[in-house]
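As structure tokens, here come the structures.
Both complexes below contain chain A, partnered by chain B and then by chain C.
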Partner chain A sequence: MARSSPSPVVNHRLYRLVRATVAVLLTGVILAGFLGRIPELDILEQSARNLYFHVPMWFTLMGATIVSAYHSLRYLQCGDRLRDLRAREAAWLGLIFGILGIITGMVWARFTWYEGTGKWWNFDPKQSMAAVLLLIYGAYFVLRDSIEEPDTRGRIAAVYNLFAVVTMPFLLYIIPRQLPSLHPGGEGSPAFSQTDLAPAMRWVFYPSVLGFLGLFWLLYTQRVRLAWIRDQLRDTPDL
Partner chain B sequence: MDWLAGTWAVFRKDLRIELRNRYGINTLLLFVLGTLLLVLFAVGPQPLSARVQSALLWIAMLFAASLGLGRSFVAEAEGGTVLLLRLNTRPSMVFVGKLLFNMLLVGGLTLFATGAFLFLLDISVRTPGLLAAALGLGTIGLAVATTLLAALVARAARRGPLLPVLLLPLLVPLLVSGTSATRKAFVGRSWLQAQDELLTLLGFAGATLSAAVILFDYLWEE
Partner chain C sequence: MTIHPAPTGHALPVHPRQERPDTTSAYDSTWTEQPTSQAPDGLDQMMGAGGKIYVVLAVVLLIWFGLVTLLVRTDRKIGRLERRLGETSSEDASSETQ
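Let's look at the complex of A and B:
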């Protein structure tokens, strides 16, 4: 098995460019998101601003899941330890963005669906399945901690990650659409039809998606580099 | 070795070992019976709704399988027979052989648990065919996921309660669809009204089986 792990180089100019873009985009999104004008709709009212934060966080989680599964697959093919680090860091960021997404979703649900009941959690299918997804990633990290030897750990964790990814479509797309739900995307309807997004909101929503994906990329590349350095230091303690 | 013959040999080996002391099957049956009785005592004598009944049945089965089937690969590691198997068979033979054996165990468990449950709670099933289909498809999905994760946990150094932690979140789709189909069978809905659940169970069994057969190679080879 090949173990050559060249350092995970990130192009400096690209990194700076993305960092500046993300800073500008997310600052703009926060300002426009809280201060900008939005269409006044019944029930949603001001809570519609959460669209700019909640939805991009979930998109980022999906992206992180795909990146993590891809690197797990590549790790099984070539056994390069860097792939394992990449899969782990992407899964970790997926977990973070998932927690953020679930918190923003809870707040949104509290003030629209459960307004007047005082409930924060009412077992909406999408909400519950999202919580299960986070449990799966939690289990992934517990599994990683249970194995000492790095190569075995990488392989076992990659197998679990890929097996979990196979069951995720059932969790996130199939089951929630069969159950009655208040969440857009329930009962067979797609989440983003033409009527869901007012034209004025697109100008904040799309930059927000780009901003959060860019933020993921920045955190991901830096965490991978840090993890790689830690890995090298553990292999050669006198360095 | 011929693939079918090899698979059959692994299956028969496990079956013979099991028949020698019946440790696995007795643990499973007693566990599921204990769980059902515990739940029924805790709930008391008043009648339960079909929703609660189906949920109790599935939860007892899921926990029994996640605790009882963990031994299938650990036993090979402890007995020192892993190398022998690895030398003489291909990975897919070992996986499918073990899977057949686990399916037999889970199938027996399901029959026993459902029978005891229907008898103790005095439930008359209005659509028995639907119940059988839901439980049968659920058994396949449950056995596949548990077999792969049991192989995975056998490679981990600190085992403990690792298998249920890894397994239960993955089985949530199975639990949701299985519970819903079972409830519909209890209240006497037709097959067509439960087609969503049955298709989901079928898809889950198929997707996990394909993924598990491919992924097992990476767990088994050093």
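Let's look at the complex of A and C:
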């Protein structure tokens, strides 16, 4: 097999290692997430298990936007087109994970805190700000698609992407934590504080975050490989 | 949004061996603006069954559907690329025979 041929996009050995780790980790998370014991709380009841699935979506979005912004910055420095492709694919996957985060959050709130009210959207500050963030990232793709010339597109999109990532911590953390919210975090860092998360749940929650970040990296690498091949094909019309 | 604290002294079924943490009152408060006195019906009844475990199932399924959608989209991209490769290689073949 010619698998060992060097690729400009990915270290295949690392890729296979991460793939195996993610497969094991997320299988364990699903099993432990449904079968493990959790503290019994009113209203939340068993739906507290959603912590393992809804929250990692946002950690993944955060990771994706940072990866995307890093490559946009590098693109502005060196103009390497692979950097532009990396920034685009990371932002696209970030958007997908963000949409999954919004939808899973809507379902969780609708049938837990808003049970019997029929309210799918409750204007929780974090929910609304997250929606704004997704619109900002959606605009990144609208902007990209509106510019024909690849170098101009890459440059303008990279500058916009750097603006977009700066809004991320404000929209996901700073503003929502100043307001009364269904989400934890008004009093400190809920992911690491001693009171907000039961010790037994940490053993599932942290691996879940790592697992979904790994899954993002796998999907991202796949898409960059594909985009890179397509880019190479465009450059050689008489292949 | 108004926050109504959960009524204190309200007897709740607690697992005998499990101590209820008292530091999580924020999650226990009632966030709804409407009173939840009416009996749940239809979708709410279904999702509320088994201690709301079906809410977790719905969330996991949604993530799963999202991942399947990604899989299909990537497949389509590969397919388009393969077709283009096929076109260019058949053009090459036809130009070689001329």
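Quick notes
Definition applied: the second predicted complex is superposed on the first by the 224 of 239 C-alpha atoms of A that agree within 3 Å, B and C clash if a C-alpha of one lies under 4 Å from a C-alpha of the other, contacts with A are read in each partner's own complex, and residues count from 1 in each chain.
One rule holds for everything that comes next: a residue touches a chain if its C-beta (ideal position, glycine included) is under 8 Å from a C-beta of that chain, and two chains touch if they have at least 3 such contacts.
For clarity, every value in this text was computed on a predicted model and none was experimentally measured.
Annotation: superposed three-chain arrangement on chain A; chain B versus chain C shows no clash, the two fitting side by side.
Residue contacts after overlaying the shared chain place A:174 against chain B, while chain C stays out of touching range.
Applying the stated contact rule after C-alpha superposition, one finds that A:78 touches neither chain B nor chain C.
Judged by the touch definition given at the top, the superposed model places A:17 against neither chain B nor chain C.
By the touch criterion stated above, A:142 is placed in contact with chain B alone, chain C being left untouched.
The superposition-derived angle at chain A (between chain B and chain C) is 110°, Cα centres, a multiple of 10.
In the superposition on chain A, A:30 makes contact with chain C only, not with chain B.
Of the two partner chains placed around the shared chain by superposition, chain C is the only one that A:122 touches, whereas chain B remains out of contact.
Considering which of chain B and chain C touches more of chain A, the answer is C.
Of all Cα pairs linking chain B with chain C in the superposition, the shortest spans 14 Å.
Shared interface residues of chain A (contacting chain B in one complex, chain C in the other): none.
Considering their complex, residues 76, 129, 132-133, 135-136, 139, 142-143, 146-148, 152, 155-156, 158-160, 162-164, 166-167, 169-171, 174-175, 178-179 of chain A touch chain B.
Residues of chain B touching chain A in their complex: 145, 148-149, 152, 155-159, 162, 165-166, 168-170, 172-173, 176-177, 196-197, 200, 203-204, 207-208, 210-212, 215, 218-219. Those residues of chain A whose C-beta lies close enough to touch chain C in the complex are 30, 33-34, 37, 39-47, 49-50, 53-54, 57, 96, 99-100, 103-104, 107-108, 111-117, 122-124, 180, 182, 184, 186, 195-196, 198, 215, 219, 222-223, 226, 229-230, 233, 239.
If you check the complex, the residues on chain C that touch chain A are 1, 3, 6, 12, 14-15, 18, 20-21, 23-24, 26-28, 30-34, 36, 38, 40, 43-44, 47-48, 50-56, 58-60, 62-63, 66-67, 70, 74, 77-78, 81, 84-85, 88-89, 92.
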